[in-house]
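Letters A, B, C, D and E mark the chains in the order given here, with residues in each chain numbered from 1 onward.
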Amino acid sequence: MAVSWLQRLAARAAVPVFPVRGMHGEEVLYRLALTPGIKLVDSPRHASILLVAGGVPPDQHDALRRVHDQLPGPFATLWYRSEPLDELAGATRLDDPDALPEALKTIHRELMSGKRGSSPRLLPDEPPNPWEGLGDDGHGGKGMMGGVPYGRPMAMNMTDDIRDGLTLDSLTVTLGPFLPMLPPGLTAEVTLQGDLIQSWTTHSAPYPIALESVFFQALQGPVPIAELERARARYHLKRLHFALRLAGLDRLALEALRLAFAPHPGQDRAMALRRRLVRCGFFRLTTTGRGRLDENQARRVGGIAARAPGLEEDLRSRDAAYRRLEFTPIIQGGADTNARWCQTLAEIEQALQLADQAERDAVHTQRSDGVETPRGPWHEQWPEEASDLLDDLLPGLEWDEAMSTLASLDLAPLSPWSLEETSGAPVPTSVEERRA
Amino acid sequence: MDYPLIVDVFFVLLATLAVVSGWRVFATDSMVRASFFLLVSFIAVGVIMILLAAEYLGVAMFFMMAVEMMVMAIFMVMFMMNPAGLNPMMMVHQHKFSIAAGAAVFLVLATVALLAEFPDSPLPADLDPVASLGDELLGDSMLIFESAGIVLLTTMIGVVVLSSHRGRYGAADEGSMPPGLVPGGDPAGMPEEDDEGDGHHHCH
Amino acid sequence: MELLTLFFIVLIATGLGLLIQWLPMRHQPMPTYPQRAPFLGGGLPETHAWSRFHVRYYPMTLLLIAFEMEMMFMYPWAVVFVEQGMKAVMEMGMFLAILSVGIVYGWREGVFKWQ
Amino acid sequence: MIVSELILPVALVIGVLVVGAYLVAVLDEAIAGAIGMPRGGSAWLAPLTQGAWLLTQHANATEAPDWQAWRLAPALYLALAAIGLAVVPFSPTLIPTDLVTSVVLWGSVEALATVVIFLHGWSANTLLALIGAYRYVALGLSYILISMFVLIGVALPAESLQFSQVVTSQEGLWNVIRQPLGLPLFLIVGLGMTFWGPLNLADSRDLAGGTASAVSGPPRLVWNLARAAMLVAFSGAAASAFLGGWLGPWLPGPVWMLLKMLAVLAVLLLIGRLVPRLQPERCVTLMWVVFLPLSFVDLIWAGAAAFFL
Amino acid sequence: MTLVTLLLLAAALIGIGFYGALSQQSFVMLMMGLELILNGVMLAAVAFWALSGAGAPEGQLLTIVVMAVMAIEMAMGFALVVAVFRTNQADVTEGITELKH
């Protein structure tokens, strides 16, 4: 009976969930991060449930199958607002974000007690290359470096090193689209020498990010500035959450998220957050002076990345209502990771302060020919998707530097749907009209 | 000097471990395993030293060798083809001669050990090996101690000069790089390289 | 006797570590090949990860070996420090001076930076 | 005699190690809850349920791992933690292994831990684990000198390399006051040895778990257990080197010792939750250029204090 | 555990090290052979110190000096390997001769 006792205990564990971040699936994961009893893990090996949050484009179904098969058994899948793969037609599907935590816990319990079987393997049990019984030693190898020992070729030197002139082996891998450190949907072919990135070729752009509907309404007519600015702060805080989690600051990451979900986030709380970040050494220990954008790149990325190096590009300064609130764009002096985070925090504070002011006087925007989204200016055209500049930016960076640079850059395109649409809230009619 | 039986038992075990892992160093394909087999051999010898009452030297052997073998492993992996031994390989020359030479050395030394007469004078009972070593270092052998310090400083400077690529005066091998690798005289890896982003010299 | 105790402690700890792994794993099937593939978020590696890995801090490790050797001398020195008095102090001064020169030199040459 | 010299010390070390590792997990959970992480269920139960889940989860494998090294590494890490704890004295008479050079042996445990952690990441043969392993070596080779200087500092007044002598030498004044720089520097070593919190370069989140990214099930349980056990062993060393070990009024020696270990653990776990992870290159520079010279200062201070205090 | 058995063990280690140092093509593997030889030497030195030298401190000192030699050999050796490799992209012993130009 020892086993069943063990299983009962295991059923009460915090549910380890590996999230596959599909299109528009981010929002529910932020909520899960704040839910007790659920643990979002970084590696599929550490999970008992694969949560596919949001749709996955068909050309990435193969990658999804690979990740699915990498969970050690027993495991189950849950599809949140996502169509299960054909082979898994019977898998649990769910559209209600409020029911999600409970569903995850139930699945985990059922899995542990044996009521629910493990999800089947989707890919054939074959090595990447046949090797058994082949080659000089029966393991697929030939000579010293040849063949496919144990199914894979050996790493060879491809390119000269870009830093110190020692030409050693380089490792070429494709990363993504579901690597938890990368923006969801980004895939790239990366060559590393040691822990240094030699070359980076972006294959597919990150999934589009949905803005709150107030940004869409701002293009239709006047909207309350308070609402607009709070939405802006929320957007930045969610990105900050991601970066802080990456830096191992779980507590402040959740603080940022709580601030984002607070009904009336005050400027004082944002300032407190910034002070705590400074005090714990985030700017001195983690963010780096790497990942520097030149002026063209900064302009292309737009938004925070443009204002951090000092380009005073902000559509808000053209709006008389903003001018009445004494708005001036904040700028920093640098184009690196550090400056971008300083800029982000400063803009969060500024947005919350503007929101408070604007709420007092009930100020509305006056111009509706363009809106400054958190991602950059949007009037005649969208903020451009700019993930291909990573190809120039990341080579030469150490892995950790590269990841923190990636987290500090917001390169994803904007979704034509608003956040409320994609996460199930009633769709405001104005947006419907705009799309039609 | 007579040791209790348990010491003899452990000595035999450790001696076997030291020799077997010493031999495995040259018989394994994986470079990482080779260096850590050497580490095991060192640790076994270190434990024997502790059994011989050289408690400081034995333990010092652990930390010295752990660090040295770690570094050894790093360099082995860096510079050997097929470092993990995924394909079995034999990178030896004059193999038969070497085996013979090794065996000959062993035999000569073993003969010496067996035939020569050594005085039998064990450690005095009241000896504190660590303190005696300390006194020696600060007393009669001060010169060795001092010169070791200087030699080690020289070594530090030597390794930095030889191995470091970037320095105050730019890349160490500037001018010796094959042409075409770094166009425009912009050696990759200059200190405080600011132009990480422009990437014009990156290989694709 | 102390060594015997230590030996048993090591033996039991290692045994415990291996047993906890081995007992539940006895009956588990070998994972399938797709499961065994390295996790890269859905991506795939072209080659084995084992390679001539380009370590970026190798000058630092060489500096460390020389440093560590000096530490060999310092432990016996520490034991007789109080007893030897001024001589030991001078000795320490010399050692620290040498080590400081080593560090400062290495730092100026960028040894602690990723190469 | 066998009981008092063999069975009792062995049982003590293994017991403290396992119970201590459990307490580390509970304490970490409690601290996480106290500083505002979402918490479900009781902190006392969480490590047990997590452990039970890991026991039921299947062990992962990689395509061509170095099997022996991969399975041995967690067990050896646990064994190193046991050695580390074995040299720690719990009272003048209750010392599992009272080696004359126990302080040096502790330094060796640190050096060997680097080897074992590297092996854990290397043997998996996957990219992210490999990067984690190499990154850890940069850290492991940097903190070891700091630890040696700091420990030589405490050996000076004791005129011995034995932990029990080090504790006895603190009867007048604890080393934490006599050598104020010592304990903070030594805590860095503790975080490094267990790659905890800010020094988690081996199993960090930007590597999806680093050296542990490819392990699951029972091997991962042993790895986590060993990591917590190493933290316990470190707290034992720190408590006897700087906080006067078993010394203290009213309570019996071993109780004092355990209390001090808990205090050190609490501080370490709190630092682990509050400070962000260091960027590797900056970490190495920081260790060599800031903390190492500080440990020189600590040694000079300790030398002067040994004469005058 | 007698002096003779200790010396036999030392001889065995030296023998294996000798084989390694002579047979290995790669410079780093060659250094492993040297290390193994020094390992035997250190063991012999300690054995003499403990069983035949009446605890004369020179015995211990000799071991430390051997260890220092080992450390210096290793540090310089690897530094040389790096320097050679940087110019030649090779690490076999034959490559060293080319360091002259």
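Rule of thumb we're sticking to: a contact is a pair of C-beta atoms (placed from the backbone, for glycine too) under 8 Å apart; a residue touches a chain by one contact, two chains touch by 3 or more.
Here the structure is a predicted model, which is why all the values come from computation and not from measurement.
J.: From the C-alpha centres, identify the chain that is farthest from chain A.
T.: Following the centroid criterion, the farthest chain would be E.
J.: Just give me the whole-number Å value for how far the CA centre of chain B lies from that of chain E.
T.: About 7 Å, centre to centre.
J.: Round to the nearest whole Å and give the separation of the Cα centres of chain A and chain E.
T.: 52
J.: Just curious, how far off is chain E from chain D if you go by their C-alpha centres, in Å?
T.: 33
J.: Can you compute the centre-to-centre distance for chain B and chain D, using the mean CA position of each chain? Integer Å is fine.
T.: Centre separation, chain B to chain D: 26 Å.
J.: Please list all residues of chain E that touch 2 or more other chains.
T.: 64, 67-68, 71-72, 74-75, 78-79, 82, 85-86
J.: Note the residues in chain A that touch 2 or more other chains, in rising order.
T.: Correct list: 43, 45, 72, 127-128, 149-152, 154, 161, 163-166, 168, 171, 173, 179-180, 194-195, 398.
J.: Going through chain D residue by residue, note those that touch at least 2 other chains and give them in order.
T.: 55-56, 58-60, 63-64, 99, 101, 104, 122, 125, 127, 134, 137, 141, 144, 161, 208, 213-214, 217, 280-281
J.: Touching pairs of chains, which are they?
T.: Every pair of chains in contact is listed here: A-B, A-C, A-D, A-E, B-C, B-D, B-E, C-D, C-E.
J.: Would you mind writing out the residues of chain A in touch with chain D in their complex?
T.: Against chain D, chain A makes touches at 6-7, 9-10, 12-14, 16, 33-38, 41-43, 45-46, 48, 72-74, 112, 127-128, 149-152, 171, 173, 179-181, 192, 194-195, 244-251, 254-255, 280-282, 285-286, 288, 398-401, 403-404.
J.: Inside the complex, what are the residues of chain B that reach chain D?
T.: That would be residues 30, 32-33, 36, 39, 55-56, 59-60, 62-63, 66-67, 69-71, 73-74, 84, 86, 130 of chain B.
J.: Can you list the chain C residues touching chain D in their complex?
T.: 1-6, 8-10, 12-18, 20-25, 28-31, 33, 35-41, 45, 48-50, 53, 55-57, 60-61, 64, 67-68, 71, 74-75, 78-83, 85, 89, 92, 96, 99-100, 103, 106-107, 112-114
J.: Which chain D residues qualify as touching chain B in the complex?
T.: Within the complex, chain D contacts chain B at residues 64, 66, 69, 99-101, 104-105, 107-108, 110-112, 114-115, 118-119, 122-123, 125, 134, 137, 140-141, 144, 161.
J.: Which of the residues in chain A come into contact with chain B in the complex?
T.: Per the stated touch rule, the residues are 136-137, 141-147, 149-150, 154, 159-166, 168, 198-199, 201, 290-294, 297, 391-393, 395-397.
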